[in-house]
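Chain nomenclature is as follows: A, B, C, D, E, F, G and H, assigned in order of appearance, with residue numbering initiated at 1 for each chain independently.
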Amino acid sequence: MLRVYLSGEIHTDWRERITKGAEGLDVTFTGPVTDHAASDDCGVAILGAEDDKFWHDRKGAQLNAIRTRKGIEEADVVVVRFGDQYKQWNAAFDAGYAAALGKSLVILHGPDHAHALKEVDAAALAVASEPEQVVQILRYVLTGTLPG
Amino acid sequence: MLRVYLSGEIHTDWRERITKGAEGLDVTFTGPVTDHAASDDCGVAILGAEDDKFWHDRKGAQLNAIRTRKGIEEADVVVVRFGDQYKQWNAAFDAGYAAALGKSLVILHGPDHAHALKEVDAAALAVASEPEQVVQILRYVLTGTLPG
Amino acid sequence: MLRVYLSGEIHTDWRERITKGAEGLDVTFTGPVTDHAASDDCGVAILGAEDDKFWHDRKGAQLNAIRTRKGIEEADVVVVRFGDQYKQWNAAFDAGYAAALGKSLVILHGPDHAHALKEVDAAALAVASEPEQVVQILRYVLTGTLPG
Amino acid sequence: MLRVYLSGEIHTDWRERITKGAEGLDVTFTGPVTDHAASDDCGVAILGAEDDKFWHDRKGAQLNAIRTRKGIEEADVVVVRFGDQYKQWNAAFDAGYAAALGKSLVILHGPDHAHALKEVDAAALAVASEPEQVVQILRYVLTGTLPG
Amino acid sequence: MLRVYLSGEIHTDWRERITKGAEGLDVTFTGPVTDHAASDDCGVAILGAEDDKFWHDRKGAQLNAIRTRKGIEEADVVVVRFGDQYKQWNAAFDAGYAAALGKSLVILHGPDHAHALKEVDAAALAVASEPEQVVQILRYVLTGTLPG
Amino acid sequence: MLRVYLSGEIHTDWRERITKGAEGLDVTFTGPVTDHAASDDCGVAILGAEDDKFWHDRKGAQLNAIRTRKGIEEADVVVVRFGDQYKQWNAAFDAGYAAALGKSLVILHGPDHAHALKEVDAAALAVASEPEQVVQILRYVLTGTLPG
Amino acid sequence: MLRVYLSGEIHTDWRERITKGAEGLDVTFTGPVTDHAASDDCGVAILGAEDDKFWHDRKGAQLNAIRTRKGIEEADVVVVRFGDQYKQWNAAFDAGYAAALGKSLVILHGPDHAHALKEVDAAALAVASEPEQVVQILRYVLTGTLPG
Amino acid sequence: MLRVYLSGEIHTDWRERITKGAEGLDVTFTGPVTDHAASDDCGVAILGAEDDKFWHDRKGAQLNAIRTRKGIEEADVVVVRFGDQYKQWNAAFDAGYAAALGKSLVILHGPDHAHALKEVDAAALAVASEPEQVVQILRYVLTGTLPG
């Protein structure tokens, strides 16, 4: 059984394409809370409002860390997706965190980001551009079967 | 003695302001190669040219990793600077790497980046906006002396 | 599945409020023996009486350590409750022990203790004042659902 | 050479009695910043004021953690002193932190605290009541010489 | 669930007394091969005879190490029994091995051995003289119930 | 339950002889993808063709590493088979990798290779020449039963 | 530079023969307190008398552990000497402790003890019978020079 | 300062070319005993002759392991050279051992070995064919200076 953590971009359907594509394989997927509003406001919603946006964000980011750290630490494979928009520093942070723990990293991004992500890619065991390639990797790793 | 690794932005003088400011303190500083061209091309310059830019970058990023991993792994404090430009995913990657190793993280960035860096800041023991604050932190940690 | 260790105060019903509130969530709870008399006397009851109260206490504390260390080491989240009475040094000890192991710490205490607990709180990912907030944290971490 | 971290009470001269008594031995001592005001206010003094006392304390406690974690992690022996006053939860936290790292713990307290500290004492290799006993321990460990 | 490794003496019925006494508790027991002849000769029986008794013993001891290391490394509690006869250096070796791994140690021996075992006992969380006490410890650790 | 990773030679039936022989024992076996062509080409088949054979090989070897590292890291026993042909440096690499992780190593090779493999054998708990001996080892380790 | 811990027997001159023989080599030696009386009574001499011999021994053994654990944990090579007399369970305990930490073990004993020490020897990289052989090992490891 | 371990081939002058080329750089080099005869016979020369070549080899390989493990474990960079002759399984074993410890690996071999070494190369941060390239890597990593 392979435990896979899906980190990064939350505005496209890449997670669904992977989990759907991997149906039938012996894989369990985990990942962050992908509801953007809930993720941003969880801290103050549970632990009380903050006047200062900095501490509003801090409370939320630390609650989310309970989930993301467990997910990464228990994963065999950490897939990190970089989309076309936003800074996505949390995705790169997760990649570094996973790399230091010796996890098998798979980085998923379009060719435009290749140079900017070269240090991240260099720590990975695979660099893919499409979610379907991640599914093929998981199938091969588990069953030895190649596409086509 | 405090070993401090200075990660991130290479286009402003923040490293000099810290190392100069910390003169007289019992600190040793390390950091990446900050010559942009050398850092980009080191791999092919030493190990042979590549037709494909992707592998050109890979060779360089992996050589640089010999230096950066040693620097981070031996550091007591890892300072990560996010500047105003570029993606800076390697900086966020370093922060995640250092966090997973349990290093004391200090993040240095302007207020505009606060929300985008909230997960990175949440893993840090200090968030500063000016290099001089980092010097004050190092002085306080080593000597118990506060500014002013 | 989330493994949660509930450390600290044994004289109020905070553990029951959390375990009851978390019914239906994929959580397992562990914690110390909360029968005060049994906890104090277990060592001599099993291993033989001691004239000196110091060794009476030692024998008991070491037996209890078999349970508490396993609980903390296997936990994903360690919740430490500080009540209004007593020294509660064992609670702070557990918090430090959990922090050094990299566990996700949640500290639970009333506002009066905030200054005295600042070092403990600073190692935590959440500081709550009511057990129901801990339930909300667990629900959010597992399901992404916020209260209200 | 023995590296000794002196944690806990900051209102009596116990650190001086130990460091003075250990003169001539191959020991280096480290410890927290013992200037109470500086320790409380370091965060806001360097990183900016906070309206909320909770975050005022948080900023300071996290700066102090840079120093205390390094001190404990590099120590061979961690001595934790519990005085007659205050909650001293940070001392118990340090003891738990050191215990989880497998450090040799020496606990220093008067007989009145014995029962309340039984879990902390049970994790220690020595429990002393006077700083001079700590000096004798260090001398014995380094040279095999007993007092008298 | 508690995983308990039973190390040491193989010529009395102490393992049976513990496993029988612990029936109904959520414990799994492991231990070395207790068939003395098989344990001594397993190496040469499987891997071929040796002229030299030293290598005959080596082959067997290394095969047995596959089992004993796994048992100790996966255990929560390691019970080490010292009987009245023989050198039993392998028992003391197992105790040291378990101690270095941070396992909860319970040492079981008669009062005559107390002084000779003082370093081993000093690394343990409990020192018992009868197998029934070990059962009581396991019951207390799992259920909080004391005997009588 | 014993988790056994079978590393090395892929051109004879030694894996089948072990897994078949171990039927009825509480063992789970893992190993690399043994389809030579799939193993060589998996990288380019999934992630895109490479002009340079060096990077063709790199992509494949890194995908295979996702599987082999997980297999070795989760194993209790790592069996490494050296056949009569080829360099088999990946087998020796796996042995070194497993040794550094403290795994129980069993090396399987004919007598001709003994001198060349002396450093590898010296890190092992058993050196066998026939797959059936490995089955006997597994049976003995799990049940204490010797052959014959 | 090689750090060598000399554990075990304290009634013959084997430590002197090794340290004298190794003069001129880049080695530092550490070991336990070898003054038998001081070692037995250190606990009560510093921390106060005990009526019960068991706790008298406990206090001493734990003080000695401060020294022995540091010595073993910082050593590259741990030499454990078993003499002709006494139970020497502390020596076997040290050997197990060192083995679990992955130290290079050298066991030193006469041929009569070979069978009883087979599990200890099986964890070692060398088994010698004379202190001079240990000197030769240290010289070879450091300089590549063989005797004669 | 960079600690570099030079593993592998002992029949050409590659180590000399690297150590000579690196003069003036802040590097310390370690490596195995490269006197082939001494390396093969050290075990029996010190610990006594063996009739069986297998144990003759075992004794030697284990003595050599004292030196090689220390060298690899303390290194920042492990360079592994594969020459044109011999099986060189010990070199691949060292590479695997270093990889599992997270060392920065540099592999040095001619193009003919590329396919057979693909799993080893895939674990490395650089693959070079000439010793002078290793010198250039060390100079770049330490000083940021590129050749030419």
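Points worth noting:
By our rule, contacts are C-beta pairs under 8 Å (C-beta built on N, C-alpha and C of every residue); 3 or more make two chains touch, one makes a residue touch a chain.
Which chain is which protein? Per UniProt: A, B, C, D, E, F, G, H = YtoQ family protein.
None of the values given here were measured: they were computed from a predicted structure.
Shared contact partners of chain B (YtoQ family protein) and chain F (YtoQ family protein), listed by label, are A, H.
Over half of the residue-numbered contact pairs of D-G are shared by just one pair in B-D, F-H or A-B, which is B-D.
Taken over every residue number at the interface, the positions common to chain D (YtoQ family protein) and chain G (YtoQ family protein) amount to under half, indicating a different-residue contact. The distance from the centre of chain A (YtoQ family protein) to the centre of chain C (YtoQ family protein), with each centre set as the mean of the Cα atoms, comes to 31 Å. Between the CA-based centres of chain E (YtoQ family protein) and chain G (YtoQ family protein) the separation comes to 23 Å, rounded to the whole angstrom. Multi-chain contact residues of chain F (YtoQ family protein) (touching two or more other chains) are listed as 62, 65, 127. Looking at the complex, you find that chain C (YtoQ family protein) touches chain D (YtoQ family protein) at residues 53-54, 57-58, 60-62, 64-65, 82, 86-101, 113-123, 127. Remark: chain F (YtoQ family protein) residues 2, 76-77, 104, 125-128, 133, 136-137, 140-142, 144-148 touch chain E (YtoQ family protein) in the complex. Contact residues on chain A (YtoQ family protein) toward chain C (YtoQ family protein) in their complex (touch as defined above): 33-35, 38-39, 41-43, 45-47, 59, 62-63, 65-67, 69-70.
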